[in-house]
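First chain A sits with chain B, and in the next complex the same chain sits with chain C.
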Partner chain A sequence: MLSRTADNLYWLARYVERAEYLARILEATQRLTALPLDTVGESNEWESAVATAGCANSFYAIYDEANEENVTDFLAFSIDNPSSIRSCFEVARTNARAVRTALTMEMWDAINGTWLELKRYGNGPTSREEFSRYLRWVQESSLRFDGSAYRTMLRNDAYWFTRLGIYLERADNTARILDVKYHMLLPAQEHVGGPLDYFQWAAILRSVSALTSYHWVYRESLKPWLVADLLILKEEMPRSLASCYENIVRYLDDIGSAYGRQGPSQRLARGIRTRLQNSRMDGIFQNGLHEFIQEFIADNNRISQTVTQQYLA
Partner chain B sequence: MRIVISHDTIYRYERPPSSVIQTLRLTPRNHDGQYVVSWRLHISVDCPLIAQEDAFGNLTHTFSADGPIDELVVHVEGEVETEDTHGVIRNAVERFPPSLFLRETPLTQADDAIMDFARQATRGTDTALPRMHALLGALNTEIVFDTDPTHTATTASEAFVLKRGVCQDLTHVFIAAARSLGIPARYVSGYFHRIDGVVEQEAGHAWAEAYIPDLGWVGFDPTNGISATDAHLRVAVGLDYLSAAPVRGTRMGGAGEEMSIRVRVDQAMRQMQN
Partner chain C sequence: MPVAFDEMKGTDGAVRPAYSELSNWLSEVRPDVLDYRRREAELVFRRIGITFAVYGEADAQERLIPFDVIPRILAASEWTTLTRGLEQRVKAINLYIKDIYGKRECLRAGIVPEDLVFQNPVFRPEMNGQKVPHGIYVHVAGIDIVRVDADTFYVLEDNARTPSGVSYMLENREIMMRLFPELFARHRVAPVDNYPDELLATLQSVAPSSSPGEPTVVLMTPGVYNSAYYEHSFLADKLGIELVEGRDLFVKNEIVYMRTTQGPKRVDVIYRRIDDDFIDPLAFRPDSALGVPGLMSAYQAGNVTLANAVGTGIADDKAVYSYMPDIVKFFLGEEPILKNVPTWRCREEEHLSYVLDNLEQLVVKEVHGSGGYGMLIGPSADKATIAAFRAKLKSAPKNFIAQPTLALSTCPTCVDSGLAPRHVDLRPFVLTGRDRVRIVPGGLTRVAMKAGSLVVNSSQGGGTKDTWVLAG
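Coming up: the complex of A and B.
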């Protein structure tokens, strides 16, 4: 396969996954800000939404204040923001068109249909209700794309590169949510157990569709260190860091054995997975949750660069 | 190196036992120089198999099977990607501080002869790493590999008197000698891919790890006289053979037990590394 084709497939999947992630952040923020002020306290959730999306710099270059209007516009519809939901779908569609023949009909329909429908939303919906529907639609579009790839693609390097894109992006996304909210997950805070904490933890879990899973796994009320355990170390939790790396390693290994050659990406990915597998939550808290997450984000970026150098450039 | 393992432990009984209980340490874990691509464990009789982690961080599987049992086969197979790290083990599961591995066990007690040998062999070296290399070289020539005279309960000092033994005995002597020099050392059970191309082996392999300041745990294989390489697949660690043994168990009733082992350590299709 041409490295250019692999690159297109990889970024196509990454951008669709990113669009879904942005929709998840916005949905969680909408939910948090809908709570009465005395429950939520002073924190500005729209500000933390921008931080979680990882585009604070470009946001403040355009806007002065992080409020509902500015942030929803910037993250969902702005064409000035290369990582808005709209830009993500546009880039994804451009990538898809460039490798049209490497996709199945169903995948192309999913991504092209999304792009066509995106136009209907124009510069944004007029009401909160409509915006909620829009966010659901974004997530469903990603689901449709992901599902059609899973159900229809031939299992060869084309499939593996799309999967790799999804899981690298997802690992980054979950880590970013943890990075912004890590202070909420530290044990033994003074006001632990207050309503604010409860809603924050529930929001973190909801943003990665893990609230029900949490109760299945732990059968307990929400405890911050268990929330962290679920999102970092539990391989059975689909958006956890451990689960993402289980998949990244697997698809890199598939690529490696198909090409009969392996390199730094495989080595690095296995190293990160080993660290996740051999870690325990108490050890992570002891050495600093924040440091752990920051290191993970840096490692994850390094893998993306290595994959690019090894296969996509 | 991509190592492919197939390992059968077969028990046959003249008079079938009414039940068998075993603890298996047959599942490797990942660390920087080793990645388990796939691994499967199969017991030939119906039984609940309980996976746990032991005190050293080894993965164990325990089963109890009800008989009568004429034949029992414990089969493991898998594929592991290894890398040469010059014997240095990084990011493995560590549940204890290294100093725990200074503890003597009945199998690894250093008698005067071993202590003397350790001192002689390391004369002229001042730090841990050259000492362990000196010990490795000396031990490899001192004890001859011979499967006949020793058995699984042979102690380090008995093997040292015989000057003969299998990898288990050489490893026990190495551990006893290292600990007598104040260097933490432990037993590693696993598999070794032979350079001479022999794939069918009579048993798994065993070697030692010594704790070197600044480097951490480093693998030393006294049977082959080398540091652990990418041909070594590490499965379990312990204070001695007993705490790292691949299979330990007991049976109720029955008689005339006969055990045989079939190990295949092969390399998967060759790959280029870049």
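Coming up: the complex of A and C.
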């Protein structure tokens, strides 16, 4: 297939995934800040939302303060922010339009329908309630797009590049949550964690829709090191780093075998997966959780670049 | 202005045979049903994203062309005559272009004035003496036809460069079959959905003889911002070929390749929907970012087929149009089956003075214009407009031709007040391959949605209809 087509599909999937992720972050933040101040503590959750979205620099270039109004506007509706939910959907639709022929009718319908609906929300919500509805809608749109791709696409390179985009983006997103909140997840020697921490941990899990899964996997109350374990190493957890790399390796292998040629992307991805498979949480804590995550984010970026060089340019 | 011929009711009010079933159906169907399906059709179009861009309109980046749910119907015998005429005309066009860039016999014989060719901006000296694969220049032609009475069809315009609109022919049919199955059950409508197959067969048949194995065909688009982008992607999809932009192609050793996820792949036939000016910045406009550097060199080396060929504009220019009947006679030795609209060439003194004396009754067109821009419709223009146009005409008479204001035929059309006659034209598509000419029974019917209006161009608010050719 055309390199440009593959590139468009890959970014189309990434942008839809990113929009969903931003909606999750905003939802979790909204929930945390709705709790009484003495429960949440002094930390500025809106500030960490900006950090988790990975756009602190561009945010502070426009705003002085990270508060609900500014962050909501910037992450959800701003057209100045190329990674706002709105911009993500706009770019996704532009990409989709450029590769109409590679999409199924259902996928086009999902992304074009989302884009048409986007206009209804205009420049921002009139109330918190409406904003909540908006965030739900964003997630549903992503589910619809993802579901229609899963159900209707031919299993060929077009599909594999789409999946690759989703999982590379998702791995990056999960890693960013961990990067911003890692200090809350370090195993505490003395205290078991106050109510403050409990809500923070719950919020982290919620932002990757894993609160229920946590209980099924561990069958005990929230422990920070188990939250880290779930998000990093548990392959059965769909948004964990390990699960993302299961999929990245799988789809890169599909591409490699269809084209009859392996390359640097395949080798790099397998290396990262092996490292995740061979890691244990106590080891990661010992060598530094923060360092581990930083390294992971760098590796993940490197793979994105390699995929681009190998196939998309 | 003479009374228009209505395709359903003729001039005497009696329903014509081809329309009898439709007329019965229209008298039975409840207005709200019609209205409901009309809205449903619009919804489908919006959802599929069949939109077009109007240049120079900032607010309406993507707009829908109004779709009218009442079909336009042609009888089998009418279509047979049209087909013969279309095939004849396109054959002549191909021979004429070959002659212009070759022996130039028609110029020596004085059939077409030399300056009309050589001073024409669409003439491409790069094509002089240049062989094109299988000697075919116009692989896809869109011939605009208007009708003025029961027996007379005129060719209004030849489109021999990158004619568009065929996606509407296909999508309109698709939607009509979905919305009005009962109406189809009462007619025997010739199918049009084999058009993509016919187009692909045509394109494959003209691959350069040097190309190894199964030819690779691609459709080249200027990109998503082009007004016909939807059609480009639609066709590429139906043909099962790659939709490429200039940046997806490159030329090495006079061979064209596309960049794919598996490395470079050779391209043999380019169905290009991008103008000559933009295809190769090395040969034509150096500022074109849409083209492929070196494409002309590969073309001249005979390693790639461009459909349509470069330089076909000298056949569909409005100034050349008036010579078409003579061109047909000269190259084929036959009388033209399809007539031209009587045309005054303002470049000729006698014609000019007639035109200047009768501006109020005439339609005056710029010879290089298209899309209904820059034309004067005498009968509906006010005094000031006519005066301004007169000055323009006098200062450069060569740039204009004039025609009588035709009473284009009308078809029943859904408007806010119910059903009303509206003026229509027809663009059938003629495919010319190495093996034969293919014409799918149908075409794009454009309809002027405003009462009395004769301008059917989509950029001027015109709409479309499904075109039915009844099986004999």
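Everything that follows uses one rule, which is that the second predicted complex is superposed on the first by the 309 of 313 C-alpha atoms of A that agree within 3 Å, B and C clash if a C-alpha of one lies under 4 Å from a C-alpha of the other, contacts with A are read in each partner's own complex, and residues count from 1 in each chain.
Everything that follows uses one rule, which is that a contact is a pair of C-beta atoms (placed from the backbone, for glycine too) under 8 Å apart; a residue touches a chain by one contact, two chains touch by 3 or more.
Model, not experiment: these values are computed from the prediction.
S.K.: Could you classify chain B and chain C on chain A, in the superposed arrangement, as clash or fit?
M.R.: With chain A aligned, chain B clears chain C, so fit.
S.K.: Considering only touches as defined above, state whether A:Arg270 meets chain B (first), chain C (second), both or neither.
M.R.: First partner only, chain B.
S.K.: Quick check on the superposed pair: does A:Ala53 touch chain B, chain C, both, or neither? Answer first, second, both or neither.
M.R.: Neither partner.
S.K.: Just chain B (first), just chain C (second), both, or neither: which does A:Ile303 touch?
M.R.: neither
S.K.: When the two structures are overlaid on chain A, which partner does A:Arg97 contact: first (chain B), second (chain C), both, or neither?
M.R.: After superposing on A, A:Arg97 lies in contact with chain C but is clear of chain B.
S.K.: For the superposed three-chain arrangement, provide the angle chain B-chain A-chain C between C-alpha centres, rounded in steps of 10 degrees.
M.R.: Between chain B and chain C, as viewed from chain A: 110 degrees.
S.K.: Using the touch criterion from the header, give the chain among chain B and chain C with more contacted residues in chain A.
M.R.: The partner making contact with more of chain A's residues is C.
S.K.: Can A:Leu164 be said to touch chain B (first), chain C (second), both, or neither?
M.R.: neither
S.K.: Scan A:Leu75 for contacts with chain B and chain C and give back first, second, both or neither.
M.R.: neither
S.K.: Return first, second, both or neither, reflecting whether A:Arg4 touches chain B, chain C, both chains, or no partner chain.
M.R.: It touches chain C, and chain B stays clear.
S.K.: Under the stated touch criterion, which partner chain does A:Gly256 make contact with: chain B (first), chain C (second), both, or neither?
M.R.: first
S.K.: So in the superposed three-chain picture, is A:Asn278 touching just chain B, just chain C, both, or none of them (first/second/both/neither)?
M.R.: first
S.K.: Between chain B and chain C, report the minimum C-alpha distance in the superposition, expressed in whole angstrom.
M.R.: For chain B and chain C in the superposition, the minimum C-alpha gap reads 12 Å.
S.K.: Would you please give the residues of chain A that touch chain B in one complex and also touch chain C in the other complex?
M.R.: Common to the two interfaces on chain A: nothing.
S.K.: Please name which positions on chain A make contact with chain B in the complex.
M.R.: Residues of chain A touching chain B: 249, 253, 256-257, 260-263, 266-267, 270-271, 273-275, 277-278.
S.K.: Can you name the residues of chain A that touch chain C in the complex?
M.R.: Within the complex, chain A contacts chain C at residues 1-6, 94, 97-98, 100-101, 105, 108-109, 112-113, 116, 157, 161, 255, 259, 311-312.
S.K.: Can you check the complex and tell me which residues of chain C touch chain A?
M.R.: Those in contact with chain A are residues 46-49, 223-224, 229-230, 233-234, 236-237, 242-245, 247-248, 258-262.
S.K.: Could you list, by residue number, the parts of chain B that touch chain A in their complex?
M.R.: 29-32, 35, 37, 81, 83, 91-93, 269-274
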